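Order of writing sets the labels: A, B, C and D. Residues in every chain begin at 1.
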Amino acid sequence: MTLVFGLFNYWVAMVLMMIGFYILIASGNLIKKIIGLNIFQTSVFILYISMGKIKGGAVPILTEGTEIYTNPLPHVLILTAIVVGVATTALALALVVRIKEAYGSIEEDDIHEKDGSL
Amino acid sequence: MLVATALSCIFVRDLFAVIMVFGLYSLLSAGFFLSLKAPDVALTEASIGAGIAPILMLGTLALTRKRSEPQPRAKKSLRSALLPLVVVSLTGVALIYATLDMPYFADPAAPIHNHVVPRYIEQSGQETGIPNIVTSILASYRGYDTLGEAFVIFAAGLGVLALLGFLSDGSGREYWQFEDTANLRHHAVLHVISKILIPLILLYALYVQFHGEYSPGGGFQAGVIFAVAFILYALVYGLEAAYKIMSPVVLRYMMVIGVLIYGGTGVLCLILGGHYLEYGVLSDYPKHGQHIGIILVELGVGVTVASVMMTLFFTFSGRAKRSVLKKQGVET
Amino acid sequence: MSYEALVSLAVCLPLAGAVLVWLCGNTPNLREAVTLVTGGLTFLSVLLLLPQGLSGMSPELVFAAPLPGLSLSFRLEPLGMLFALIASFLWIVTSIYSIGYMRGAKEENQTRFYICFALAIAFTLGIAFSANLLTLFVFYELLTLSTYPLVTHKGNDEARRGGRVYLGVLLTTSIAFFLPAIIWTYSVTGTLDFRPGGIFGGIADSFVVGALLILFCFGVGKAALMPFHRWLPSAMVAPTPVSALLHAVAVVKAGVFTLLKITVYIFGADLLVLLEARDLMLYIAGASILLASIVAMTRDNLKARLAYSTVSQLGYITLGALLATPAGITGAAMHIAMHAFGKITLFFCAGAIYVATKKTEISQMEGLGRAMPFTMLAFLIGSLSIIGLPPTGGTWSKWYLMLGSLEAGHIALMGVLMVSSLLNIAYLLPIPIRGFFAGRNEGPSILKEAPWPCLVAMGITSAGCFVLFFFPQPLHDLAASLYGGTP
Amino acid sequence: MMSAIFANLPALQVILPLLFAPICFLLRKRGAAWLLAFCVSLCTFAVSIALFMQVSAAGPLSYAMGGWDPPWGIEYRVDSFNAPFLVLLSLMFCVTLAFSYKSVEKEIVQPRHALFYSAFMLCVAGLLGIVITGDAFNVFVFLEISSLSSYILISFGKDRRALTAAFQYLIMGTIGATFLLIGIGFIYMMTGTLNMADLAVRLPSVMDTHTVRAAFAFIIVGMSIKVALFPLHVWLPNAYGYAPSAASVFLAATSTKVSLYVLIRFTFTVFGAGFAFGAMPLQPILLVLAVTAVFVGSLSAIFQTNIKHVLAYSSVAQIGYMVIGFALASHAGLSAGILHMFNHAVMKGCLFLVAGCVFYRFRSARIEDFRGLGKTMPWTMGAFVVGGLGLIGMPLTAGFVSKWYLIMAALDHGFVGFLIIAAVLAGSLLAVAYVWRIVEVAYFQAPDEVHENGKEAPFILLVPAWFMALLTLYIGIDPSLVVGAAESAALSLLGSTP
């Protein structure tokens, strides 16, 4: 039982990762792919933040009389990772717009077809 | 909840709805972060994941189209349908396999709570003089990562400008999209609520920016909030009005100035005889120097993030407007 | 001049010649003068090295160290001396011949032709003087590359196809067999130097050495051992001087020379006779001799017939090298020289006929002896030398080869040699005979010989065939000092 | 002042290109942007040489970013493994810039030039940052800088397929980076540290856990995507094929190598060879994949019609060689792999420069465009032949040296070694096929009317191409410098394992 409860949070993150990853590779629509990518990344963030949690830990801002703080390092890493994620998303979306202009479609199959006929 | 929203992303066809669901998902995970005692991350995720990202996606959608085409199942061979499942299951098995030996959730005996981090918790107060440990790690101990991250954002701004910032005049020449925006017709709509709201948001952004040392927040969050305020302004008053207040050309300079404030602070440390980003040398008292340094780099991050986010929005929406104008031109 | 300077001079002169030829490209007379002068000087410097070469192994001359512990270096020894002498001497003769041929046949891109020719000679001399397998391999590959533009000189589809086979076979064998054999040898013995008595000296087990022998024999594709002989007939699309010098002398001889060097200085005769793999390779060489002769008989194109004849003759040398008896090695070394003179004469004749009459097929050549008596006479002499009949040089080498196979107790191989001589007669002699005597009922033809430089060149080489019969002593001494050096 | 500069060399190495990138972004004049970038590249190169000399003289350097000692702060660590990589990267930076002045002028529309140079400098800075850092998470951040900027660089390509190529690369690259992030998260969870040296100390005690094994798997798979190891190479051919010439030169020569560097760094420095090759079945998997990569890459290269695609598929095959060397995990194998990373960078750089020259003249680089180039562009084709011979592995070229070492290393591995040798040799034979196909077209086919009037490429494009060609030859004749660097790199990697 401790196994289940002890790891439950991680498992949720894993399931989310798998969902995101599935959308990412199985979807034919480019925008959906990007959403999948975001879900995938966000679930990794959840994994990190979960590991930073400590029993009875307070918000990591120094205050008088608090002994235990939540581990702040994962928070820092994830702040960075979130920003990196949004940067990637923005670039990907810009590419999608250009692809739409060049091909008239954002479905992967259509694009392959159009390139094949060249 | 999270799982449910994520799953719904697979099955919903309408892209507009998918994006909304995704926004909801981000908001939920922000709440989750908050419950895990990570307010900084929650704030960022809420503003970026639930704010900026969906706005950009919607902008893209406006430029492309709404529905995800029904996938022609017949065309898909069994292999191409199975492959993603197999890959995902393999990854999943590896992930679950990994968890088996993990320290339990919130276990105080886990290695991450006992190595490296104690020093941050115990000494950052004396070493940087800043109560928010996240901020002191972010801007000082691991300030270099954050520098890198500011540059990632800068790179994204640069990339989007490179991809969408130019328009062709048909003769093979291209020009910056925004160079002639002053001619566009002023088209303001009065909106009392937003007039009250926007200054409030801006004020809050400044608070988040400069109070980041004491409470959750800092450059990123402030930058994003600042940008959201402008985006709101642009939505309400029209793009042209927004251009007038914050012209895209100025934004381009601001992007650069932002990252240079950060990088320059580091160089200043070098010149004053310290290591790169060793703020201690900025003042006679290391603690004081750290404080100055952290404020400076947070400002740099804030400026970069705000200007890049605004640039992103302007570029996407400007492009959308162009294509609308072009279509009308064709029709008339 | 010192020995070091001479060795480097011998290799560098043709290189410098190539540059000069490039610079003088626009004035044909000057260009060809440069070629001749360079050829003369090169031969001279090789000749001056002769005393040194006769005295056995000379000091090593290192000029670069591309891999730690391995160097690119030169060293003079009798076999290399012999090879260098032949190559540099015949270069002069061929240059004279090519001037006549190239002008007579009005070939294009003559400057490129002379440049590549000079380069090829430089690399051949590099092979001759190599002090270790690595150096040899480097020049071996360079030779392949520098002769490629010569093979494809005509630039048409046929030339391109020929070039493809040429490059394909030579590179494939060298990359797939030769190079791994070299590296394997290095990893087993820790050295690649050519040493009297070989370098294996009891280090490796016979399985590894046997496998290496097979790899080497097939890896040296230039030796044209069947089934890797296909490049040689393909290379015949090249202009005749190229076929004459490179594919009768420089390139193929570089191949058998390499084999000879490997058997003498890498394996060592003593080790070689113990190997079972050697017997296998001997029979393959024997089969190569017979098969190639038979194929030669079926070819109507003169150059193709000569090419297959070359394949078969190369088999002789391989055979001699593998016999690893004193007589065998002497015979092999001498045959390098004898065959060179004989075959180059034959090719010169083929080229002369082409320039004068544009005829390439043997069946068209009946009665040609009356129009080109001098050419046909030279052809006869060359044929005699290849067959091994007195009074030509070929007699001696064949003599030693047969002696060698007796020494080694391989009666069957001696039989092979005899049968192949008969076959030689059958495919070579009819050509001059029919040239002189057949087709009488055609009208009296006018005397129409090839350009004079061609005739001069033919004269020199066919004279060489006689001279080598009457004065084989220096050659024999050089060849004999090979196994004399081996303990 | 001088001493201050010398003390801060590791920081300067990265921040020079990093900080000048935004400045470059603002420059309006094309020439000014280029000049700035070029000056920066020269300074970067000087810094890398100085670092290399320092490291060879005095051993590994450690630089604490922000003055915080590792593992609390981020550490820059220069040792004999990454110092040569820094030199290689900055050298390619200079060479590509020298080339790009003319090439970019032709291939990219004027107002975007400053953006191109800016993105290019960011990309270089990112790659340098990955190589020099001693902090696992910092690798991720700089990986993203370099990746984002390389997506941008690729999307500058004129062909619309450049966009889809960039998108595909973005998706796969981000998956790779996220896998890396998961892996780093796992090892962080088990050890509580992100510093590589510290990780190496703390990992052995938790080595035998599922989490660490999974972490290793995630890092390897994630980086294999960026390395373009078969079968994760699908992004590479299009990405290199449709990028602007200057970008393909630089990316082809460096980007996959840096990812491979990360792979090797994590395997040997962080996890240790004993774990990677003892507890995990890394060797057989990598060997099989690498050998397949050699065959698939070479065979595909033979059937391409665009020269850049030929070269890109050839890269897939050559990466196979490098991975073979790495997977042998012996000193000899590792040095051979590292050696080939350098040599291949030089040769492939040369070949892509040639492709760029041809592209400059004809606006495309299909095989047909090579018709008659032997006559019309003799110098360009000369450089191509040298580079091509290098790929084949002819003696006196750099390719021969690496092949030699690779086969020597494989000979120690018995039967498996023989199979590897067979694969390596077969790969070279296939290389003959795809290189010679182009050479034949160039020298034997008559040019059509478009190509008849082709002139030699401008001098300024030829200089970098020939520089790389001569470097190929130089390494082939006197490889002691590179070989020495590769061997000491391998030694430092194996020596650091417990």
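Convention: contacts are C-beta pairs under 8 Å (C-beta built on N, C-alpha and C of every residue); 3 or more make two chains touch, one makes a residue touch a chain.
For clarity, every value in this text was computed on a predicted model and none was experimentally measured.
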Query raised in the report: By C-alpha centroids, what is the most central chain here?
Result: D
Requested in this report: Report which interface contains more C-beta contacts, comparing C-D against B-D.
Outcome: B-D
Query raised in the report: Which whole number of Å gives the spacing of the CA centres of chain C and chain D?
Result: 45
Report summary line: Taking each chain's mean CA coordinate, chain A and chain C are separated, in whole Å, by 70
Query - For chain B paired with chain C, centre-to-centre distance based on mean C-alpha positions, whole Å - result: 74
Report summary line: Whole-Å distance, C-alpha centre of chain B to that of chain D, is 30
Report summary line: Contacts with two or more other chains occur in chain D at residues 137, 141, 144, 148, 151-152, 155, 182, 188-189, 194
Report summary line: Residues in chain A with touches to at least two other chains are numbered 17, 21, 51, 73-74, 77, 80, 84, 87-88, 91, 95-96, 98
Report summary line: Note: chain B residues in touch with at least two other chains are 95, 99-100, 102-103, 110, 112-113, 116-117, 120, 142, 145, 148-149, 152, 155-156, 159, 163
Requested in this report: Could you classify the connectivity of these chains, where an edge means two chains touch, as line, ring, star, complete or other?
Outcome: other
**Report entry** Pairs of chains, among all present, that meet the touch criterion
**Finding:** A-B, A-D, B-D, C-D
Query raised in the report: Can you list the residues on chain C that touch chain D in the complex?
Result: 64-68, 72, 134, 137-138, 141-142, 145, 152, 155, 159-160, 163-164, 167-168, 171-172, 175-176, 179-180, 183-184, 186-187
Query - Of chain D, residues touching chain A in the complex - result: 137, 140-141, 144, 148, 151-152, 155, 160-161, 163-164, 166-167, 170-171, 174-175, 178, 181-182, 185, 188-189, 194
Query raised in the report: Which residues of chain B touch chain A in their complex?
Result: 2-3, 6-7, 9-10, 15, 18-19, 22, 25-26, 29, 32-33, 36-41, 44-45, 48-49, 52-53, 56-57, 59-61, 63-65, 68-69, 71-72, 75, 83-85, 87-89, 91-92, 95-96, 99-100, 102-108, 110, 112-113, 116-117, 120-121, 124-125, 131-134, 137-138, 142, 145-146, 148-149, 152-153, 155-157, 159-160, 163-164, 214-216, 220, 305, 312, 315-316, 319
Query raised in the report: For chain A, which residues are in contact with chain B within the complex?
Result: 2, 5-12, 14-23, 25-29, 31-32, 34-36, 38-39, 42-43, 45-46, 49-55, 57-63, 68-80, 82-91, 93-98, 100, 106-107, 109
Query raised in the report: Tell me, which parts of chain D touch chain C in their complex?
Result: 389, 392-396, 401, 403-404, 407-408, 411-412, 421, 425-426, 428-429, 432, 436, 440, 443-444, 476-480, 483
